[in-house]
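Here's a structure for you.
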Amino acid sequence: MLSYLLATLTFAGVYALLALGLNVIWGMAGMINLGLAGFFALGAYASALATVALGLPIIVGIVIAIAFAAAAGALLSRLTLNLRGDYLAIVTLGFSEVIRLIAANEIWLTNGSDGIPGIPGPLRGTLTPLEFNALSCALLFAAVGLAWWMTERLRRAPFGRALRAIRDDETAAAVAGKPVRRYKVQAFAIGAGLLGLAGAAYAHFTSYVAPDIFRPLLTIYIFLALTAGGTGNTSGAVIGAFFVILILEGSRFIEPLFHGLSGAQGAALREIIIGSSLILIMRIRPQGLLAERPPKSLRTQ
Amino acid sequence: MQAGTITGLIGPNGAGKTTVFNCLSGVIPAEAGQITFDGTQITTWRPEQISQRGLVRTFQIARGFPRLTVLETLLLHGEAQPGEDVVAALFSPGRWRKREAELITRAEEVAAQLNLTHVLDNMSSDLSGGQKKLLEIGRALMGRPKLILLDEPVAGVNPTLSGEIAERIAALRETGLTFLVVEHDMEIVARLCDPVIVMAAGAKLTEGSFEEVVSDPRVQDAYLGQRA
Amino acid sequence: MDLIPQLLVNGIISGALLAIPAIGFTAIFAVLRFPNFSVASLATIGAFAGYAANVGLGLPAVPALVAAFMVAGLVGLASDEIALRPLRPYGALTAAIASIALTIVLENMVRFGFGNDLRGYDLPLVRDWRIMGVRVGPQQVQNLALALVIMAGVFAALKFSRIGKAMRAVADNPTLAELKGIDPVRVGRLTVFVAMGLVGAGGMLLGLGTSIDPLTGFRFILPIFAAAVVGGLGSIPGAALGAMVVGIGEELSLLVLSPAYKSAVGFIAIVLVLAFRPRGLLGERAY
Amino acid sequence: QSGAIKIGTLTPLTGVGGTYGPSMRDAILGVVAQVNEAGGILGRQIEVASEDTQTSPEAAVRAARKLIDVDGVSAILGTWASSITTAVAPLAWESKTMLMCVSGADSITKLPHQGFICRTQPNSILQIQVAGDFMVAEGATQMAWIGPQTPFAASSIDILEQIAAANGAGMESLIYEADKSTYRSEVDQILRGKPDFIMLGGYAADSTVLLRDIWQAGYEGKIIGPAYAVNAGLLDTLPSAVTEGIYTWEGAPAVNSAAYANVKAILGVDEVDPYSAQTYDHASLTILAMAAGGDSSGDTVRQNVRSISQGDGQIVESAVDGLAALAGGINYSGASGPCDFNEIGDITGTQFVFKTISGGKPSEYKRV
Amino acid sequence: MMFQATDVVGGYSAADEILKGLTITADAGEIVAIVGPNGAGKSTFLKAVTGVLPELKGHIELYGTKLNGRRPRQIAQMGVAYVPQENNVFATMTVRENLEMGGYIASDPAQRISEMFERFPILAEKRGDAARTLSGGQRQILAMAIAMMVSPRLLLLDEPSAGLSPIAATQLFETIREIAAQQVSVLLVEQNAMDALNMCDRAYILTAGQNHVTGSGAHLAADPDIRRTFLGG
């Protein structure tokens, strides 16, 4: 049981990193990035290939993953600067599908739909599974803490204020003298870097990556997490991620209470519970569990 | 336009005054012709480049940031805030906090002048119509511009306050600022503007001192009516 | 290349199939101003309703299509009332995200009732015609005609009818619309019913050429969304045009790349279109 | 030790694999119910914990963790897609849990699994080899393979190309993207090579679309598809004109065996899906191995799974029969075939059965 | 009194009280001006009357029928027309469609549209253009015309002259007088205060959500105290 809780918390940590990355891109800067799974995949594959194919240490793999995802994010946002709202959404969604297709079809590089097994994890094999889960969980929490600290610091700074201005009205922000393009590229790159970090963490924790992991369902869960937690609120992103994992995992334990269901019905019921809880939480707290509040200004201190 | 003047731009509704502002500030690209500001060609510049260069504008139909407070909106327009750079924001909070404190003082002054002090913590979209217009002016005052384009700054503003704003504009002109003001309130135009440019149907009709232009019969017909 | 005419025809045919749900999707966007991703599950629900009418009750295709329209319209309306309408005041994105959660719920209600087995309609299948070396399916031609008729109908209704204009007024400025005596709630309901009905009918048409299971709609949400975006969100003819671009783009991709990358090429086409028209082919201008 | 013995099912109940998972799970439940009714094993009852892979490796890993850590299962049965088996595999061997899967990708049994994985699905190389030889034997002169990108797509194409080359036949292939509403252009492209025998490489959902498109295009040649794709659901869905004369093949289920009859009874169907036949065997093998080893741990299953499924013992076809005969030594032979595993966990000695479809019904054509 | 609002208290959320007990009345055919500093609550009051304000206490009635508690749509049907200060046109719809929507509940919309085109030639000229492309002043004219598509018993105008050229403002005030002459009560919120006071029958000056003074327009306009604090001199 403890091992399960630790593993689940580790997954929650991965989701939290994803939600924090999305929060920078969407929550703070207002760019709808439906391509989370793509950046997640880039990070996961980059680190996996660096450590498995090139034999580099894990930490180097993670750095490469962050850099790679951030660079891809910068490039993608550079190419889509004048797209707004849902138009950006479809392009990023397409981006992540293209990444998945490449992962599945470019067998020479990615080993195709077989995926890459045997990705090293820190001290995996030397530790018992329980100890390994505990270590992973601790490491991920440290990463989440660091990411939270960093993005929250950005949010409170004038940098975050400029991002929010751009999110609310790009033209007015430009007229206010804010270099809108540079901000958008920066925000996208920072967020994508976090998504890449999440991917690398996932790869090293589970030891396996394959194209099937990076289907849009994951992106959906993260958007639900951020919305439930509170878009634009750094702590909300983390809480939302934990909340979604709580629903995803908790629903497993509700389903057996209903007897006489077929396999498909039981699974369907579980997903109905997942979807309804998310709708319910949005109905009860439409602004998210923690609503976005303007950072406290120095004036009141 | 001459530096250090307050130029008035008047003309019938739909004459193209706001469109002129849109071109000057880079919001919509000019199709032909050239715009020169402070000795530099800015015809094809992007809006942020133009305002960084010192040419700022206000909007006729106020554009608030729905999720920025009034104070934040003012601070956003403060110049030389190092914390707007990502690296400084992350690693040298001391530097930007110091600047922030200065900007807050400035913002409070500006707000006081515009009767906005008690709504500083309101979201900038949760303001009365007139307060939104005042905030537009506040935005222009927060930066360190050289040329300010004001699009109907006092439409919807209480007359007593309009008078104060006019005084403030005149005082700023003394410090070397240049203004281009679109306004339908003739009292304000008369008090402030010299020269006055009259536009009609997208072209310049005439230009001169306020007295000169209002005595022009074409201006009376098209614009002033019996009120001249 | 002698290939191109055939690929074009194939593209138009798959485009026509996408067009109907894409019109429903874009119509909701036009009036309620948010992308409603629950069209995925409502397409499935329409397909299953049509299936129940066709196989269960033995009805022919057209009445089954009507059943698909009605059931999807009603379920769409009910689910919108419960889950989405109360969230709309909190912003387009909140509603959009909730619609994704809604689609999870609805899809699984179908799964709960019908299971995961593949099902097919009980309709005759005909071999393709060959016209000047190009192969065309009679069923597909029918779909194309239907898509065109529906598109024209919806477009005309929105553009010219009183209620259609009221819909656009609500979309534009709901407060002002209500001040002028329009009931935004009723207008919204009507829109959702008709649009989801179209999505349901579209889902059944998609099911005719494939087989249906609870994932039927989910498989197509990407191209539907893509079609609506390429055409310009909120534009009815745009959605139809966008569907053609996506359909034809994907088929023509076979000329340049392996079919394994079909949708990748489709997306590159979308990116190209948006690079020149950031608000889609027939979308509103940027400023 | 006391309390119930726990085993886990991990099948796709939602997502792309959802067509297969429910009956795979039901087959396992059926076996367990029969054993429990007969008194259980080791004096204990067996309890099944079921989880859904959602056909997503990410979700499957979370589900597997729950099965292993919370339910404490000693075996996980029924993983389907290869990516899911590979994702779950490390959890299994690290926690000494047995993993039995129906995935065919060659790479799976090459993982460092220390014996904790075995599969009832012949690996894809073997499957394709057999089918390719069949095509040639049936007179193929111009072969074609069309299917989505899967772990066995590339190797399938390689093998067919070798077979074609060795027999002087032509061979074309096309990998398409799954989940499309039509494959008309893909069909046009593959037909341009004028094949006389086409092999399908996908699953039921896309094969349905593909077969319809091939028929509409007026193709008159032969077609062969795996039995898990051209299954009862597909045959139900398509008009019989479209499926007339299609061949299917699978690792020979012992159609006339008691085991097969038993699965039919459990599921209440006439035609058992190959995957469900296999999970029936997963459950039986697990239970018998536990009973033989006198312990319910995953390690016991690993050590005993071969001793009860191969060798000279008495042939048994259900868990209940096997338990009764255990003392004298048994050789379990299941619904999916004889269930003999080699040292890396691949199934060996599989017979294959080919069927043809006529009037929408499959009938046996040939065994090899 | 035909229109009567007594002790109106309300705001944008339950927490804030913007209106702190306002009383305002108007007789048939009377033009009542409401002036006051920015943020005094003038627009908020009009929103209270038309049913747009979420939080509302007090009593508002028109010809003896209670208005508060009803939906904006019902209030419109009872003969209240309103030109809001902001967002007062349908930006994406054409000028003509805007007028049609203004006359959604009118009995003879087609005829009224031609009347509007006659009265405001600029609208006729721009009939096919989206309202979003109008200049600020043109929008303001359109907003007025939208409200005039029905024959109301009570007309609420929130700064109708803002952004209008002097000549257009003069015409506007004339139009308002014509409307009032048909026994319509007009509540006119204006920052163009001198003009408003000069043309109205009665005026209220509001500060901070409360009645400050009330009296005839000419009387208030002449009061030096009031001139200094509210009228800019």
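Per-chain numbering from 1; labels A, B, C, D and E assigned in written order.
Here, a residue touches a chain if its C-beta (ideal position, glycine included) is under 8 Å from a C-beta of that chain, and two chains touch if they have at least 3 such contacts.
These numbers come from a predicted model, not from an experiment.
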Least hop count linking chain A to chain C through chains in contact: 1
Shortest chain-hopping distance from chain D out to chain E: 2
Partner chains shared by chain B and chain C (touch criterion as defined above): A, E
Most distant chain from chain E, judged by the mean position of its C-alpha atoms: D
Pair joined by the larger number of C-beta contacts - A-B, C-E: A-B
Distance from chain E to chain B - Cα centre to Cα centre, in angstrom: 28
Whole-Å gap between the CA centroids of chain A and chain E: 50
Chain centre separation (chain A, chain D; CA means) in Å: 34
In chain D, residues with contacts to at least two other chains: 13-14, 18, 21-22, 149, 175, 177
Touching two or more other chains - residue numbers and ranges from chain E: none
Residue list for chain A, restricted to those that touch at least two other chains: 101, 104-105, 171, 262, 264, 267-268, 271
Chain A to chain B touching residues, read off their complex: 150, 153-154, 157-162, 164-165, 167-169, 171-181, 186, 190, 232, 292, 294, 297-299
For the chain E and chain C complex, residues of the former touching the latter: 50, 52, 71-73, 76-77, 82, 84, 87-93, 97, 100-102, 104-105, 146
Interface residues, chain D side, partner chain A - complex: 11, 13-14, 18, 21-23, 25-26, 50-52, 54-59, 61-63, 65-66, 68-70, 81-84, 86-87, 89-91, 94-95, 105, 107, 111-112, 149-151, 153-154, 175, 177
Sites on chain C touched by chain A in the complex: 35, 83, 86-87, 89-90, 93-94, 97-98, 100-105, 107-109, 111-112, 115-116, 214, 222, 225-226, 229-230, 233, 258, 260-261, 263-264, 266-267, 270-271, 274-275, 278-280, 286-287
Residues of chain B that touch chain A when the two form their complex: 25-27, 46-48, 51-52, 56-57, 59, 63-69, 71-73, 75-77, 79, 81, 83-86, 88-90, 93, 96-97, 100-101, 104, 108, 120, 139, 143
